[in-house]
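In order of appearance the chains are A, B, C and D, and numbering begins at 1 in each one.
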Amino acid sequence: MRIGVFVCHCGSNIAGTVDCKAAAESALALPDVVYATDLMYTCAEPGQAAIEQAIHDYNLTGVVVASCSPRMHEPTFRRTVERAGLNRYMFEMANIREHVSWIGKDMVANTNKACELIGMAVAKLRNNRPLYAQRFDITKSVLVIGGGVAGIQAALDCADGGIPVILVEKEPTIGGKMAKLDKTFPTVDCSACILGPKMVDVAQHPNITLYACSEVDDITGYVGNFDVKIRRKATYVDWSKCTGCGTCTEKCPSKKVPDRFNENMGLTTAINIPFPQAIPKRASINPQYCRKLTTGKCGICAKVCPTKAIDYTMKDEIITVKVGSVIAATGYDLMDWTVYQEYGGGKYPDVITSLQYERLLNASGPTGGHIVRPSDGKEPKKVVFIQCVGSRDKSIGRPLCSGFCCMYTAKQAVLTKDHIPDSQSYVFYMDIRAVGKLYDEFTRRAIEEYGTEYIRGRVSKIYPDGNGQYVVCGVDTLLGQRIEVTCDLVVLAVGIEASHGASHLAEKLRISYDQYGFFLEGHPKLRPVETNTAGVFLAGVCQGTKDIPSSVAQGSAAAAKVLALFSRDKLENDPQIAHVNPARCVACGKCIRCCPFGAIKEETFRGQLKAKVIDTVCQGCGICTSTCPQGAIQLSHATDNEILAEVNLLCQY
Amino acid sequence: MNIGYYPGCSAKGSSLDYELSSAAVCRELGLVSSEITDWNCCGSTPAHAISSELSAALCTRNLMQASKQGADVVMTPCPSCLSNLLHAKERMKNPEFRKRVDELLDEPSKEDLPEATSVMQMIGRMYNTGQIAAHVKMSLAGLRIAPYYGCLMSRPADLMNFGDPENPTLMESLLAACGATDILDFPLKTECCGAASGIPHRPLSSVNSGRILELATRMEADCIAVCCPLCQMNLDLRQKQAGRQAKTRFDMPVLYYTQLMGLAFGCDEKELGLDKLIARPDKVVDKIKALNTAVREAQGGKA
Amino acid sequence: MPVLEGKELRIVAFLCNWCSYGGADTAGVARATQPTDLRIIRVPCSGRIDPLFVLRALLNGADGVLISGCHPNDCHYSAGNFYARRRLEVLKQFLPILGIDDRRFEYTWVSASEGQRWQQVVTSFTQRIHELGPAPRLEDAEPLLEMADMALKPLRPLGTGQKAPLDELKACIKSKIKDLDVVIGWQQGYDAAHTVPLFMRTEEDVDRLVWGPFNVNNPATYVNEMIGKAVPLDKVKKIGVVVKGCDSRSIVEMLQEKLIDKDNIVLFALPCEGTFDMARIDRELGRYSKIDKVEYDEAGVTITADGTPHRFCITDYAQGKCYNCSMPLAKDADDIFGTAPEITGTPSTPPELAMLDAMTLEQRFSFWKGEMDRCLRCYACRNACPLCVCKDYCIAETREPHFISQEWNVREKIYFQYIHAMHLAGRCTLCGECQRACPVGIPILALRQQLVRIIGQLFDYKSGMDSTATPPLLCYKVEETNIKQREL
Amino acid sequence: MQDSPLNIVRGRDVSFIKEVEAESGQNVSNCYQCGNCTAGCPAAFTYDMQANQVMRAVQLGLKDQVLHSKSIWMCLSCSTCSLRCPNNIDVASVMETLRHMARRENIVAVPRMDKFWMSFLNTVQAFGRSFEIGTMVLYMLRSLRLTTDVDLAPSALSKGKLGFKPHVIPDGGAKAVGRIFKRYQERAKREGVRP
């Protein structure tokens, strides 16, 4: 092998504390090194040209550049050596800037360390092999998981871009949390009026297939070629026949069913359509409450259904689809606030969540848009809003800020005044976080025009005063006094967490998630929509707390990523993947068990069982290599011998 | 299990009735314990208010005395004493602290001091609902009881081990076992009554106990059931002071839960120290009797 | 390469590319001053780091080894650091029994954004290594030879097994042998005091089957080459194996690892009353030319050699593993005869391990130097192991990958033995065949005993007990309750 | 009233912050001033500095201001603040630590609390057990508040709730308790702090 070593000065960044010339000279003593030099700026055009020239002049078969971090310029120099005719993997970098010159000023120690790092790079390079990527076909369709506003936007944008979309929603209707809202901040425009048309577009778009009441059971495969199993849950209504006429819901005798869509603020029937604008507008039966399904006696809905759509024998159905990409848009749920025993832990009827309050405000809600107390149906005159319930609270393990509660609380205070002009609202807050466009102005309006009392402090306890009202024990930290408010209704701005079950989905998608279940993006700043699993993108609150405009924006961004991915007809894999040496494999299967990606299978090779890596699925982590006792499976570009060469260079006494 | 009994100083004075009724209830249930012969004051609030080491020294001596007479566990009716004993036991795990405390003691402390718990928890641990109900001669059904624990019994939660620090329910279960049906969901059950400042700063205790008495009155409680001598004294003996502060007059009997259990077990009123209460418990006793008579008559009528 | 004399120590770090290498870069960008000792090897994932790299570095003179990966749950490959955490924790706890200070090895988590944390990790680890000073070298260690005291109390009465229902077993095997290619058991060897494996193919073969304290071999050793995964598919047999309780654990472990298929194997079990430690018996018999006879009684045997009777009570001469045996009768066998005795008490620390426990780090280091220097690298230990299923492709004898050289020195011998032990972590059932097979009597079982102890404590797991359980190093938990990582 | 604006650079005592943190075992920088400690405090209306303000002053290292605060003496040790703190700070322990520190420095902002406690402890020192009448008499003498709770005396006495005689521990236990106090007082003297 003929190796060339290029030591970069990086101006004075490296040369200031490393003797680059001496380092280059020392490299000449290393085995296989035939050429070594130092350059001012290796990554600049003249530096790259010097490398190319040297490859030609000295017939180099491998190149080591000692400069900055490979995370910075490895791709640059790989392209350089490739231009000069070498395989891009016959190249190694020694990081003598971030790991040497920038972290100490001792010239002797730094130079010695630089020489050793160059030695390690040479030792590794001597074990490197050329690697070649493979190209493979892709399926140009996308799976969108979750039909909230982010998922709807992503689905519509992909569909408009000509990509077939499969939209999976676990509830009977799309629309997500936004469909439950009355108005939206800071414009106070009607939520249903702006979301409704988009929901209709989803139903009518020729490129979108919608599976409501469905969940993703399993996903296998890799970017470009995912196989997805979707579970269509039994609704006991044949949706191809149902017209959404609603006759069944009128006649259903089981009328005391908690209304999930209304956040249990009202009752509904065992067969129902969640709300008038539901998409798909189809009835479904809640088997827990249906008399026919629980006792076998009833069957009224089947009798009255004009299209004979009711089918009490319906079972869950699994369908399989192939897609090339996945957008996760699973949104959020409220945390279980009943851990706050000091707020009654859920036993006081007039202490409700903001989402429940939203349903009270909503004209299509259980009270027809009249604000009344759940306990006695009376109109409240004094309403207390408490922010950060289940947010920014380490004592219950939730230090995160839920982000949008400040704004909707201001909105709800404004709406309360609109609905009940002689009412007074109080908001207990710690900080007002109103960073969006026109947001701060909106909270000021709530205070200045609507007379909302903002009180800076947390609430220690809520208790009924025995006269039908509630005592809220709080503090005004600006005044430095403990204060109490006697009120009729308490609305808690309950913190959010990732949608229940998000972590299970993350495991199926092989993406990471944090302790609250939010999915991890590829890079917090530069890859906010991607995940570390190629072909899987994120939209909306499933990635972290967001308001509606940000969710919509990320939905569009995810769609753009999918469209960019599908702009090519074939994809190229990364050749830094594992390979099995069948001559050494004893088919013990340990690698198959450990692979996080299911990228290794058992196959018969000349009458014997052997492990086999599926090239396009392998992500190159190397867990298999460190698991295989006899070293039969090796991760290319990080083989045992390549790593041992570095260890042995450093430790040889 | 060898149970050492630590009465606490107030048992011999201001809460003689607690002591009497606890003894009666334990006797009825068959809960046997032996009083720590040579016990001393735990130091109460004043000791830990001025020095954790002094407080721990006083408590450690008690635990060591208990240990000497072979007790595996020390049981006390008083939450304040219990809190001090448990705090001491916890702090003594720190070797530096232990060394400082040992300097104050006659002999160095033992490594494994006995456990400490409340009489209430011990009853709860040893007898299930059925076993308690078996002793009931006069049901508490129909009596509106406001259960009140005070601030010490349930917190700090990890030390006192008394369930949810915001909403303990052990007293309710014991009373329910005695037939009580109308136990109020009393929202202030763990709020502080301010007793620790009763003598040096009267308004502090009057305001806080007034709030508790007021809510109990408004919720139409027949009585407040308590488990802490300090709370009892504050709510009962100082009821007039609280009334004056709130510009009203309260008439709310404040009974120890053991007195209520004792009544249910059919113990003699004197034996339960009912005569020691300032706010007369007569209407409570009368109501229990009346309700039981009514039930008996109704059953008799049917038969 | 030599370190800067008197200034630096040799500290090797393995960093995952996605988080910690990025964190080290971030520290550099922030100009966070750090000691110069550390040399970073970049790997794709902490899951890629074979604990053998760490052992190689430590044996070759590294004074400290540091590993850093993504924080749990943040792994770029979703689970690599979870596997790493288990394997590296086992390694960390294994080091002290080898006489290596475990503070010389650390693993931690640093994310790409935590430049400051990286600076602190490097600084405190380097400081720790400097406080420990240069690592002791094998060359400088004085060999130390010591023998373990084998006196132990059994958890059940030991005996000679002569009341076991052997005839019933034979009848059963005869009834099934037509459907089996072979049934493995024991037969008398060159004299009545030794047995050799018996491969039964006919009903007549079955009559030669013996049962007693001389059945020391583990027949599971032959299973892999008959029905293991590497056997060409058209040559896979259907076999039967007669097992003692301990032997069955090897087979259950093979089933657990899916190395063999349950359909291909039938287990026959009798209750074992203990087997002899033949090395000690032979030592007691001394030189002899002929065993005249062996007489059994309930508590032992009398061996008459060259006319001299020698009495051996089983309670005094059993194999070390028999004293701690809590499963004398295989519970998962297909055909079980006889009943298992009652087990009283809990197993004590095996004698070899107890001896090492009592030593200081320096003594252990010297002990292994002395013992391993005698290793012949004959590989008898490996070949006797029923779970060394890749022995035909062992990394001890290849350059692809080139973990270990053939150089004749104590370092390479030790490395081979440590590799062998590490490859059995979470798998070894302590059948003891390796140590029994060792021609020079190195107590290598102690290494496995330590690993079994670590695995038990960390993962609440015992190998070869449940054929449906997953071996602990082939799985992970997101929250590891028993792994208490040290702060750096 | 201060006569000049507070200079938080000059007023800051870093060692004070560390000392409070070490002795109370709490990290005071965890406090983000939500005020929940104050919101639930039963003694808040008697405080000159609210609990959250005490925490703030400790964060800023304002030793003088904190140790002279009356609040640390009026705290009832009911732990409501610690229970409700969203940042898991044991505020009650910080209050108690501050009171201990103030006493050690001989700063007693509410003398009657100290007098009451000492009256109580003196009876314990003398008899081994506390004794209500004894405590009361001592306290009345020391605080010169001779009418304290005399309104309660008739009813309490008539019920036999207050004994005139102290309970003395049998077997010389009272002496043992006395020795504990003596050693405590001697040590305090040695260390130059208020016992």
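By definition in this document, contacts are C-beta pairs under 8 Å (C-beta built on N, C-alpha and C of every residue); 3 or more make two chains touch, one makes a residue touch a chain.
Computed from a predicted structure; not experimentally measured.
Shared contacts of chain B and chain C, meaning chains that touch the two of them, come down to A.
Nearest to the overall CA centre, using the mean of each chain's CA atoms, is chain A.
The chain with its C-alpha centre at the largest distance from the centre of chain D is C. Averaging Cα coordinates per chain places chain C and chain D 61 Å apart. Taking the mean of the C-alpha atoms as each chain's centre, chain B and chain D sit 24 Å apart. With centres defined as mean CA coordinates, chain C is found 42 Å away from chain A.
A separation of 51 Å divides the Cα centre of chain A from that of chain D.
Multi-chain contact residues, meaning those touching two or more other chains, do not occur anywhere in chain C.
Residue positions 45, 80 of chain D each touch two or more of the other chains.
Within chain A, the positions touching two or more other chains are listed as 342, 461. Contact between chains, as defined at the top, is found for A-B, A-C, A-D, B-D. Partner chain A is touched in their complex by these residues of chain C: 1, 4, 7-8, 10, 12, 17-18, 21-22, 24-25, 27-29, 31-36, 39-45, 47-51, 53, 56-57, 60-62, 73-80, 83, 87, 113, 119, 137, 228-234, 257-259, 389-390, 392-395, 398, 400-403, 423, 470, 474-475. Chain A makes touch with chain C in their complex at residues 69-72, 95, 97-100, 102-106, 108-110, 112-113, 115-117, 119-120, 507, 510-515, 520, 524, 532, 576, 581, 583-590, 593-594, 596-597, 604, 607-609, 619-623, 625-627, 629-632, 634-635, 638-641, 643-644, 646-653. By the touch rule above, chain D contacts chain A in their complex via residues 30, 32-36, 38-41, 44-45, 49-50, 52-53, 80, 84-88. By the touch criterion stated above, chain A contacts chain D in their complex at residues 342, 388, 392-396, 430, 456-461, 473-477, 480-482. Within the complex, the chain B residues that touch chain D are 9-10, 12-16, 37-41, 43-54, 57-58, 61, 65, 103-106, 151-152, 155-157, 165-166, 191-194, 196-204, 207-208, 237-238, 240-241, 275-278.
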